[in-house]
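Presented below are the structures under discussion, each in the form of C-alpha cells.
Presented sequentially are two complexes of subunit A, the first with subunit B as partner and the second with subunit C.
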Partner chain A sequence: MSYAVRGGQATSRLLSEERYVPADPQSPDKPLLTGSSQLLTARLHYYLPVSRQRQSIAERFRELVQTWKEDVGPLSSTTEMAMHPAYQQIIGLGRDAVPHLLRELQREPDHWFWALKAITGVDPVEPRQRGQIREMAEAWLRWAREQGLGG
Partner chain B sequence: MADWPRFPNAPITEALLDIKAKLPAGVDLTRLATLQGAVKDLYPARRERSSWQGGFQVKPGELPEVFPPSGEPDGYLFTSKDGKQIVQARLDGFTFNRLKPYDKWESFRDEARQQWERYREIATPEIVSRVALRYINRIEIPLPMKDFREFILTTPEIAPKVPQGLAGFFMRLVIPDEKSKCIAIVTQTMEDPNERVLPLIFDIDVSQEAAFHVRGEEMWEVFAQLREYKNEIFFNSITERTKELFK
Partner chain C sequence: MGEGTGPWRMREEIERIFPGLRIDVYSITSPRTPSYNCVAWAVGQVETWWWPDPMEQAFWPFGIPRRETIDVFIQAFSTLGYVLCATADVEPGFERIAIYVNSARKPTHVARQLPNGTWTSKLGKLEDIEHATLDGLSGSPYGSVALFMRRPIQQQTS
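Moving on to the complex of A and B:
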C-alpha cells in the first residue's frame, strides 16, 4: 500500500491530512476524501450519544407541544391547559419560543395566547375577539407581521 | 467470564446498546410511532429523530463541492420520566441509552432486551446485521497531575525533545480482537479542566458485524462477549490510582 497525495495543488493545500490517505490508482475519479471522511466519521461517532447532544430550541419546542397536546383534552379549561408543565416549560423557553409559537399558531390555531402574552408582555387581541380562537390567532399573526416577525 | 469489580462511583456517563436491523419495505415512521403505545408508561416523552448528513467532496481539478446539512426523520426517541433512559426506534435499528447513574450490566441488558422485544414486535425486523455496546466514561483526574500515565495507560505520546505540556488532544483507536471477532473504537479526549480536576473522556465502543436471527439467543451471547471485551479494555487501561477515584 502506498501513501500519497493525489490531485492538484489546491487539493493538497486544502486537505493537508490527505498525505496519509491510501492512494488508489485503479480509481482516479474516486473522491479524495478518505482521510477527511474518517475525520467526519470520527466526529459523527463522537457526538452520537445522547449525553453529547444539545437539543435545539426547535426540537425542544416540538417535544413540549406534543406532550401538551397529548395530555390536555379538548374539554380542559384554559387555566388547566396553561398550567400544564409542558406549557409552562414552553413559556420558560422565553423569546426564543416566540417564532415557534407563531408558526404553530399559523399551522394549527390553539391556545398559545397565554404563552405569547406571558413572554412578550403584549396582548394584541381585542376584547370582542376573546374566545374566538381563529380571530385571536389572526390578531397575533397580524401583530407578528407588524413587528417584522413573519407569521 | 471474568468477575469484574463494580464501583459505587462508576465514571460511566452513558451506556448504549445498539442493534442495527433491516426492516421490511412496508415499515415506515407511522408504524414505528405506534411503539409509543407499548412503552408510554415508562417512556412517556416522544421526540422525532433525524439523521443529519452533510459534508463536502473534492475531486481532482475541481473546486470543493459542499453539501449543506440536511435532516430526514428516521425514527423516534422515547424518554423515561426521569430522562435517564432513552429507547431509540429507527428505520435502521434500535438503541437503548442509559445515562448516569449506571447501575449494573444485568439490569441495563434486561431493560434493553425488554424494549428491543417491543420494537421487534412492531418493526418486525428481518435480520440483525450488527450489534454494539458503547460506554462513555468521564474520569475526573485530580489536579495537579504530572503524567496521564498515573491514571490511564493508553495516552498520546509526545516526542521527548518536544515540550511535554498538553492543552488538548483527541485520540481514536480502532482495535480488532481476533479471538471474539469484535472491533473496539476507543476514543480518548479531555474536556476543559478547572482548578480542581481534568475531565478525561474514555469512550469504548465495541461491536460485531454478522447476520443474527432477530429472535435468537445468539446476539445476546455476543453482547456478553462485547461486554467482556469492553471490560478488558477498560480495566487494563486504568491504574490502581484511578480505581481509587471510583470507590
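Moving on to the complex of A and C:
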C-alpha cells in the first residue's frame, strides 16, 4: 500500500501535522493513519526504505559480529556466548540474518549454530556431529544449498 | 580479536583479559581456534567443543544433564574415570584437573595439570597456554578454582 500527503510537498509535510490518507481515488478523504505511532512508522518507512534497510542490516550484522567476537573469545560456555547481547541482537534480526550467518559460517566457522537454529526452527546437525564445528558448519551449508539459499 | 596477531599482540590480549597472568609464568602453546575448548582440552581432545548447553549444540556425554552446575560437571568427568580429590599436589600415575566457577557457582573453565606440576588451559576460542599456577586465571571471567578431580593416567581417552 502506498500513501500520499494531501497538498503536495511531501517531504516537508511529512514532518508537519498533515493528515495521511490512502492514495486510493475511491476514498480520497478517508484518514488512514491517525495515531502518533502509525505516523512515526510511516515516517520511518519514508526516510529509510526497505532497500536501504537491507544495506543497514548487513552493516549492523558486521558490527554485531565484531562485538561478539571481541567479547566472547575467552569463554567456553556456549550458553553464555549465545546470551551475549550482540548475539541476541543478531537473532533479533530474524530471517534477514540467515544469509549473513551462512556466509560468516563459510568464511570463518564459529558458534553460529544456536542463532541459526533459533531463527529457522530447524537443526540439520546430526547428534553425532554436536560440538564438531567444521562438520556442523558443513551440515548448515548443505542445508542452505538444499533450501536454495546458496552457501 | 583480529587475525594475524603476532606473539606479543597475543600476549597483550591474553593479559588484558587475565591480568593475573602478568605476574605468572606462562607460555602460549597453540594457535587460537573455535574447534575445541577447555573441557575438551582437559580430557585430551582437540576436535570437539564440550559444554552442557540446553540447545544441544555442543558435545556433552550422553545421559548427563545439560545444565551449567558443578554437580553436572562432576558427573560428566566421572564418566571418564575422574574422581574428586582434595589438593593440587602432583601424584605420579595420576592426572588432575581443576574446575573454575564464577560467583554464581557456574562452571567457567577447566585446567589440566601437567606431569611437572604446571597447568595447561585452552582459553575459550583463544590459544592454549601452559601456566605455572592456577591463580594466573583467577578473577574475571573465570572466577576461582572450586574443586579438583583426578584419574589414573592410563585411562586417558584418545
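What we mean here is this: the second predicted complex is superposed on the first by the 94 of 151 C-alpha atoms of A that agree within 3 Å, B and C clash if a C-alpha of one lies under 4 Å from a C-alpha of the other, contacts with A are read in each partner's own complex, and residues count from 1 in each chain.
In this section, a residue touches a chain if its C-beta (ideal position, glycine included) is under 8 Å from a C-beta of that chain, and two chains touch if they have at least 3 such contacts.
This structure is a prediction, so every number in the text was calculated from the model and none was measured.
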item	value
Touched partner set for A:Asp110, first subunit B, second subunit C, both or neither	second
Which superposed partner A:Arg62 touches (first subunit B, second subunit C, both, neither)	first
Subunit B versus subunit C as contact partner of A:Val72, first or second or both or neither	second
Which of subunit B and subunit C A:Ala42 touches, first, second, both or neither	first
Footprint overlap on subunit A, where subunit B in one structure and subunit C in the other make contact	none
Subunit A residues within the subunit B interface of the complex	6-8, 10-11, 14-15, 28-29, 31-33, 36-37, 40, 42, 45-46, 49-52, 59, 62-63, 66-67
Of all residues in subunit B, those that touch subunit A in their complex	13-14, 16, 44-48, 55-61, 63-64, 77, 86, 97, 99-100, 134, 136, 170, 172, 185, 187, 189, 203, 205
In the complex with subunit C, residue positions of subunit A that touch it	69-70, 72-79, 82, 109-111, 113-114, 117-118, 125, 127, 130-134, 136
List of subunit C residues in touch with subunit A within their complex	1, 17-18, 32, 34-35, 37-40, 47-51, 53-60, 68, 106, 108-110, 122-126, 141-142
